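Alright, structures below, take your time with them.
Look at the two complexes coming up: chain A is in both, with chain B in one and chain C in the other.
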Partner chain A sequence: MKCTVCRGPAIIDLRRHNANFCGDHFLKFCRDQVAKAISQHDMIAPGQRVLVAVSGGKDSLALWDLLVELGYDVEGMTIGLGIGDYSDASTAASVAFAESRGLPLRRIDLRGDYGYDIPTAAAVTRRVPCSSCGTSKRHLIDSAALDGGFDVVATGHNLDDEAAVLLGNVLHWHTAYLGRQAPVLPGRDGFPRKVKPLVRLSERETAAYCVVRGIDYIVDECPMAEGNRHLRYKEALNSIEAASPGTKHAFYFEFLDKAADRFRPEAAEAQEGLRPCATCGSPTTADVCAFCRLVDRVSDADPVPVELLRAGRGRGGNASNRNKNRTKVNR
Partner chain B sequence: MRVLLRNPRRELDLAGPVTVTGLLNQLELNRESVLVVRDDTLVPGDALLNDDDVVEIRPVISGGVA
Partner chain C sequence: MKCTVCRGPAIIDLRRHNANFCGDHFLKFCRDQVAKAISQHDMIAPGQRVLVAVSGGKDSLALWDLLVELGYDVEGMTIGLGIGDYSDASTAASVAFAESRGLPLRRIDLRGDYGYDIPTAAAVTRRVPCSSCGTSKRHLIDSAALDGGFDVVATGHNLDDEAAVLLGNVLHWHTAYLGRQAPVLPGRDGFPRKVKPLVRLSERETAAYCVVRGIDYIVDECPMAEGNRHLRYKEALNSIEAASPGTKHAFYFEFLDKAADRFRPEAAEAQEGLRPCATCGSPTTADVCAFCRLVDRVSDADPVPVELLRAGRGRGGNASNRNKNRTKVNR
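And then the complex of A and B:
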């Protein structure tokens, strides 16, 4: 297999682009795709300060690396979620990457700074851990961006992520969510501008970018996310993609082009009545925002180690329900 | 040929020679959801894997464990 560009030995085949690449031209391909996404969707203007949300995983580290390569003014931020060894290793990967590149990295630790962690929150709230995890990360990154005077927040969402979220929203016809799904969320009162520069790259491509660039990232998955619905949507889409390369790209980008506008009215309606949180000032439809309510409820609760919470527990369900509802996965 | 798999970590001993695509088909793995790495380098679908090779089949899908 030869590189489409230089005819040297190829190390990766991208059927959806009908192209194969050697290492150097694959890296260039990735940079070009990110530059195209930033340009096409007006994500970042020259001279703007970018805060990139970093987890230690392949997407956020690839994103940070790519934004630096493309010449943007970027600072990283990582949050210690307290999910046992997984969080320790994730933070270590983020710190190691930042130090090896001489890049500034802000750090927050949920346990140290707010008196709770995600396993404890899951146990106390009796909701899926992804709920308190998402609430915490979004609030803390948005606040850091606004307090730190950043112009834009960049997250590592890739094509597979966006296509899977879109599939879930379509399957359930969550029309308000459909109206808000976009590569760019404009800044408004209390919300920073948020962009997803990796949307043109698939997960296989962001992983390959890290391997080719020699970026050490956390390969193991979050132990609390086992068997979740989002993953099943990704597998379903990849089954289709394997038979029809290019499907994920068409699904997401044609949605943006041809259908997204139709759902804007529902999305706008769902966001009416936002006002500042009585505790922290962040936008909320309630008196106190979800993050402050969460902290109030779980901080200083007795810590629950993640090892005690297997998938299914802390979800408001029980073990027998968990096994019944799991779809058989083709390994 | 040693084949290292992740999530959960396990090792298989399989006979070469086989192409990367052939190996993925044999293990019923979707080529869209993995990378194949040999000696810290990516190997494409038509690369030939031999008896003495050690390869890692790395899952690339984030968001949980299958």
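And then the complex of A and C:
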């Protein structure tokens, strides 16, 4: 297998691009794809300050590294979620990466700073862990970006993530979600601008990028996300992609080109009526925002160890969702 | 396992309906679902004459049986496609069903009546067999319906079929196809009205219906369709449905409710400029319709045995499609 560019020994084949690359040209390919995403979607202007949400996984560390390589002014931010060993390893990988490159990293710890962790929040709210986790991360990153005067928040969502979210949205025709699924969410009404510079790279590619760059990322997926829908949608798309390389890319980018605009009205409607949270001032459609309600509800609860909780099992599992899709039958 | 209706022994569990049924109540369930589809989508008015496209498979025989049971005035039509043993068995099952019930069946034989068969057409046109097969079946059934004075053509497309077609259409955002995917295609400009009364039943349910009713259908799928995209989309949806029963139903019916209208303009556009085929008079956007061009091209060709041809392999396989989805890469 030879590199499509230099004919040297290739280390990776990218079937959807009908190309193979050596290490150097693969790194160049990744930089070019990120630069292209940033440029095509007007993600980051020169001189803007970028806050990168960092989990210690392949995507966020590759993103941070790529943005630095491309010359952007970037700071990392990591949140200790309290999901047992997984969160410890996550923080350790983020800190090690930042220190090895001398890059600035902001740290928040849910238990230390807000008196709860994700397993406890899932148990108390009796909802899937991904729900309180998403609420917490979104709020804390948005606030940090606004308070810190950042122009843009960058997240490590890759093509597989975006295609899986899109599949979930079309399987249920969540029209408001479809209307705002985009590689850029403009800043407005107290929300920072958010961008996804990895949308042109697959997760296999971000993993390979880290390996070639010698970035030590945590390989384990979050144990609480096991068996969740997002992973099932990824598997379904992977089986189609394997037979028809390029399907995911077409699915996501053709959506942006040909369909997304048709769902904008509902997305705009869903964002109407935003006002400042009575507690923290963040934009919300309720009196108190979801994050403040979560903190209020869970911060005094007895800690629940992660081992007692897994997505889809026991308290905090998705038993309540299990019948959601069933249709009514007329007998 | 007990019947949800009568508490007698159940023979089938329908997870997406959260129900189990005994034989009698399962048959009633199927009739009710078909009656509901016909009524909700205004498929067939009382007294109208219906032509059912029959392949000898579970769906078309169940459909024929159900429409007769529901009191409609139905005639069957079967087309000998010349796909070796599969087509022989297909015709035999259709004829046996019709004779056993004393129902009228129209028969066309591609080789005898038009001088070609599907394997030969696939080999000569070097396209997937499903392409010439679809063109042939659509044209011949449409013509027979119009010539025979039928009000409606009914086809055996079930929920799995429609959901898989929808998945293919959204994966590639075929906006014109999305705009006309519906359980009813109104008759217009030389096209007969077409309806799909089985859209509320899965293929597992139509198979079970045939078993309970003692209908002897051909179990084999068409050997030329092996490995085609439609089957892959079905598999992907099956894996999601297994974990979240009801997903396929929601995907298809929420699409009809919440999204289909957004794609109508392109569908209407694609049907503009229809005029009568110079050869046969059927509506077409070209001078000569796809069917007449196909017959002209393949009817004098030497027959190609089916064994030499399989979807995706050899001549007539989909090699030409294999690179279609690959995206361009900037190097």
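Everything below uses one rule, namely that the second predicted complex is superposed on the first by the 310 of 331 C-alpha atoms of A that agree within 3 Å, B and C clash if a C-alpha of one lies under 4 Å from a C-alpha of the other, contacts with A are read in each partner's own complex, and residues count from 1 in each chain.
Assume a contact is a pair of C-beta atoms (placed from the backbone, for glycine too) under 8 Å apart; a residue touches a chain by one contact, two chains touch by 3 or more.
Keep in mind it's a predicted model, so treat the numbers as computed, not measured.
Contacts of A:Gly57 after superposition: chain B is touched, whereas chain C is not reached.
In the superposed model, A:Arg264 lies in contact with neither chain B nor chain C. Within the superposed three-chain model, A:Ala208 lies in touch with chain B and out of touch with chain C [touch as defined at top]. In the superposition on chain A, A:Ser239 makes contact with both chain B and chain C.
Of the two partner chains placed by superposition, only chain C is touched by A:Thr4; chain B is not. By the touch criterion stated above, A:Leu171 is placed in contact with chain C alone, chain B being left untouched.
In the superposed pair of complexes, A:His230 makes contact with chain B only, with no contact to chain C. Once chain A of one complex is fitted onto chain A of the other, the partner contacts of A:Asp13 are limited to chain B, with no touch recorded for chain C. Common to the chain B and chain C interfaces on chain A are residues 227, 235, 239, 329-331. Residues 4-5, 14-19, 25, 29, 32, 36, 170-173, 175, 229, 232-233, 235-237, 239-240, 243-247, 249-251, 253-255, 257-259, 262-263, 323-331 of chain C are the ones that touch chain A when the two sit in their complex. Contact residues on chain A toward chain B in their complex (touch as defined above): 1, 10-13, 20, 23, 57-59, 160-161, 164, 202-204, 206-208, 211-212, 214, 219-223, 225-228, 230-231, 234-235, 238-239, 241-242, 329-331.
Every residue of chain B that touches chain A in the complex is listed here, in rising order: 6-7, 27-35, 37, 40-47, 58-66.
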